[in-house]
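Take a look at the structure below.
Order of writing sets the labels: A, B, C and D. Residues in every chain begin at 1.
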């Protein structure tokens, strides 16, 4: 059994998700010729690092991410730090020839994202951004239907990314209150990624944005700081292939927990998805007979792409952790089997470019073109 | 334009529904060679009768139903009295050769229902019971699919008839508190009719029943009486064609308003319906490809049977009043065009026979055979 | 009983809806001191007019709408002509002192809408636009909750108006293919009206639009014409009170029949509505305890505003025709009881102003201010 | 860190679920003073055992379950064999003083279940049956509401356990085709357990049952055998506390994948649940104001019982594997912290007694009393 020895930088909630994914991967995907080995976990203090080691099943613990990325016994780095540190850690890992999984967003500016992407490509490492939602079997089934032409030519796209966590005024000030961490920077990447996956290149955007809770208190000393970022954002988008679309992102949408989804209207049908019912894809096939046509609720299970790894029955429980396992499955297959990674840094860069244009569009109140780096846009 | 002159006996809520249906019928179904004319309305007092005449658009008002059924200027009688009077009024109308629409239940005993049915047949009049729910376009679409074999051979049937009106302790004592007016007698007829329409003859039943609010006060003098009937009833049923089924009837099901529907499982598919979403039929076609099969939500509109009369768009509003119009459409077509009536007294009798057996089954706590009159069972 | 004698100009599908509403109004709303009398119906040919007279229960038929608006035996005019004729007919009716119900849109330009509105105000007639969807009991319940503060201060608004009728390439060229008859002019008025009702004045818009089926054949001679209008439109909107919003209008959204609704997010809750489930309002009250909070599905019935007129049970069938009855109820009460009309020409003008700005925004690809006439904006 | 060293007997799909649960438990529930250690896995052949060892992360592999239950380095046994072997393995484990987790059903006869339960009690071991569905946070929230009186006194109960796996004629003959493995024996235990958890002791049942696919071929040699068990079963139930209920179990319900749930109607409200939307509990509180009352959809997350261990956001993915982790959490807490086990062998026995009575009721076509062992019924 070949081993892919990873160092995980950061062990918060995302660390839990990745550790679960690593532990479960061979249980789900079997037989296999390789496994991911939890070699090293890095946290801010020795106590946190040791706790994470035991809890998440790593062999070693450390506090210095730089030594981790230089460690010759490590094959790959999983970057789970706050977003503003992503680029620095990634560049160091690239310099050491490590393969990389970086949580979204790839970086907090398009320029950084481009630098990271281009460096990774030059170095020839395997790279992946944690845009796992598109890997859910129900979403992959949507892509399969789309590619088969089952909804015909796409006419329009509506994306939404709604939650209500930030209506809670007691939520402390954090990196999510700072530039790059708002509804656009932190929440929208998956939504933009869905739009890229289902329709393609976004060329122009216009936007509104707003901040509802304008100040938050520090969790440490209760001092109050002004929130730098938007709580909600609306976009109109134009796609290179001619479609129009909208994107609504909000973390102040009362009652919405994970309304993360899309609605795609084509000439022959429609696809609707929403993470609150993550194992359901709604599909309308206009070619069904007129008296019995209707949106179908497809229940994701072993018959949908990726679902074959989990349970023999549909709707048995394929959620966040399972999509992280599917993400790491692609990562390992890229390293050992020369398979493609759907959500490489290229996708992370594309997302960053849209966010940058959307930010400009909101600031200037005008349509803005999305700048595409040649290679990335290819 | 030929006219079918009707006398309507009773002008409560059902009178409103029938009057609307009569007024709307030519607006919906056009062109037509005949119309129903609101000739005479009968209520308990001259004041009530005159008010109903003006409100519901009748030509004349009266208080004596016997004179109405003898009136030579009347072609048909619509019986909307309390159920225990149905048989008497119907027999008088039959004796005078009038065509009859009788609200459900046809009678409060199977014996009376049989007498009324047989008298009507002998007299050769057109007769109809107000089992209008099966005429909803979404339900008719279900029947169409079933008859086409779109769900394959039927395996099992689940019916439900749930509302919560009787959880209200202040609801006064009425005929609905008396024998024949409970969950079985008053609520279940439509549910039993659905089972008849979708599967066929019920041969045996076993039942439980319960009364939750055991006393109610008179609306007139506040004296309290013991409720004679069940608030909720559960049935297991066996059908002549071998299927098993269940029926749950309750008027004390909190939160349920008009959960009146069915679930039919066949070898190749399934049909699910519920009046709370009355313009939706859920249909599963197991022959769809395994990766894209799922319950379809068919939205009832002009493409479903009967829906062509209403609006050019689905889901525009086809509710109780519209199914009453469809019921009267069948009645008029039977009188003038020799068309069949789906819900003739024969269906009312079949319902009464099941109710009688179910009552015995609840009383004796044992399986009971449903007694079928030869002709009715044909 | 006082009578409001109406002339109805146009007797297509909308004529059916209005005739039903008139016939049903006293049946639903009783007691009453006034009724609407179907005095005169006007159609293009004597044959059509006479057919409409019989079918819809009018006393007289005619072909010349000018004589109808001058007819001293007529108290009010119901204008159901194609939109481009609305202004001319309305101005003539105003000149003759008739009260007016005009189907939406009030006019095909903001200038015409303003002229009609101001003329009507000057003449002192009662005027109403057929923006009936906001009168549905479930929608009115939403407004009641909003006004009570049950969702707190409004943060954002999402409107949608989706149908798929125009995906049918065989649908003939009509006024709906011409300027003023597209997704913006014909479909969006109700959606814009919802936004006005729930949030208020829209001050700026930006838009995209697209035409999917670019040519349609004449139903008469099969000659092909270029479709002048958009099949789908997306708007970002800013409200005078600071909120942002979106509006998606499409008549090429496969599988959508009447997805006409809204989603309103407030500081304490949310409201969601959609005409496909027209008797359901979804309401989230963030003040419910955290372990048992959730979107409630309120089933519209006698407990919701306007619902008291229909049936004693929720979800019994309150659709398009019933909201038209509620609209005429307001009209009659304005004429005879000095009650307000929620959807007066002022609302029709507001809608026209937004449509005009949205059209400019789509044409110029830039944010456009909505021009508000002083009085209308009040 | 204390260790609970387990031997897992059987490593099919259930082995995957338990292995995942063991691996994830400390990741989810932290801090902890104990962990479960995957010490030994037993399969039929050395090859299967070794494969399971690697795949599921066990230290050792073996083929003889008798030596496993005698192994002094083992603290607890997880029994995942076919049901007919449960009793034998359990009795041997009890004889060796091991704690036991036994997958449902506890045994294939009530007598065996009683023997196993009483032996376990006498031996003083910790024992648990794998009735994990009731541990889902949404279900536990339902129990919490019920116990608080949030739905008032319970009036009626409806359970369902529907799937369509056995409509597939090519599904081979297996222990699920043999006595104890049908809709009653294999599918109904969770459904009966729900009824026990939410209402209490079932005292009498009546039943129908049917077999749809009457013969199946061996997967080994294609010889055909007659299916001994029912594919679908319907029950009427009476509870000791006076309620009536129904239970519908089917593995031939087209379109149903995991429609495993309940509907509970009380004097003040209702609870509805279904595993197909496993993170949603529908709750109706009749005490809400009449104009805004409605079924709430509670999205299960950190605010519902048990959900605090998983993710900080609701609806993130809490499925089958996670309820198995919650089950093992109870097991470990019982061993090390003297906490109660909700689904001890007592519950397994209660289920077996109902199944036995239901089988008799179907065979005799009459109401049958459920025999309760004194201790178990306590």
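What to note about this one:
Heads up, the rule we're going with is that a residue touches a chain if its C-beta (ideal position, glycine included) is under 8 Å from a C-beta of that chain, and two chains touch if they have at least 3 such contacts.
A quick note: this is a predicted structure, and the numbers were derived from the prediction, not measured.
The chains that touch both chain C and chain D are A, B. On a Cα centroid basis, the chain most remote from chain A in this structure is B.
Across A-B and A-C, it is A-C that has more C-beta pairs touching.
One simple way to say how far apart two chains are is to compare their mean CA positions; for chain B and chain C this gives 35 Å.
Each chain gets one centre point, the mean of its Cα atoms, and the points for chain A and chain C are 42 Å apart.
One inter-chain figure worth recording: chain A and chain B are separated by 54 Å, centre to centre, where each centre is the mean of the chain's CA atoms. In chain B, the residues that touch at least two other chains are 293-295, 299.
By the touch criterion given at the top, residues 151-152, 155-156, 158, 164, 167, 206-210, 212, 232, 234-236, 238, 242-246, 248, 250, 252-256, 265-270, 284, 286, 293-295, 365-367 of chain C touch chain A in their complex. Those residues of chain A that touch chain D in the complex are listed here as 1, 13, 16, 19-20, 23-24, 26-28, 30-31, 51, 54-57, 163, 165, 257-258, 275-278, 299, 301, 311-322. Looking at the complex, you find that chain C touches chain D at residues 141, 144-145, 150, 281, 283, 285, 288, 290-299, 303-304.
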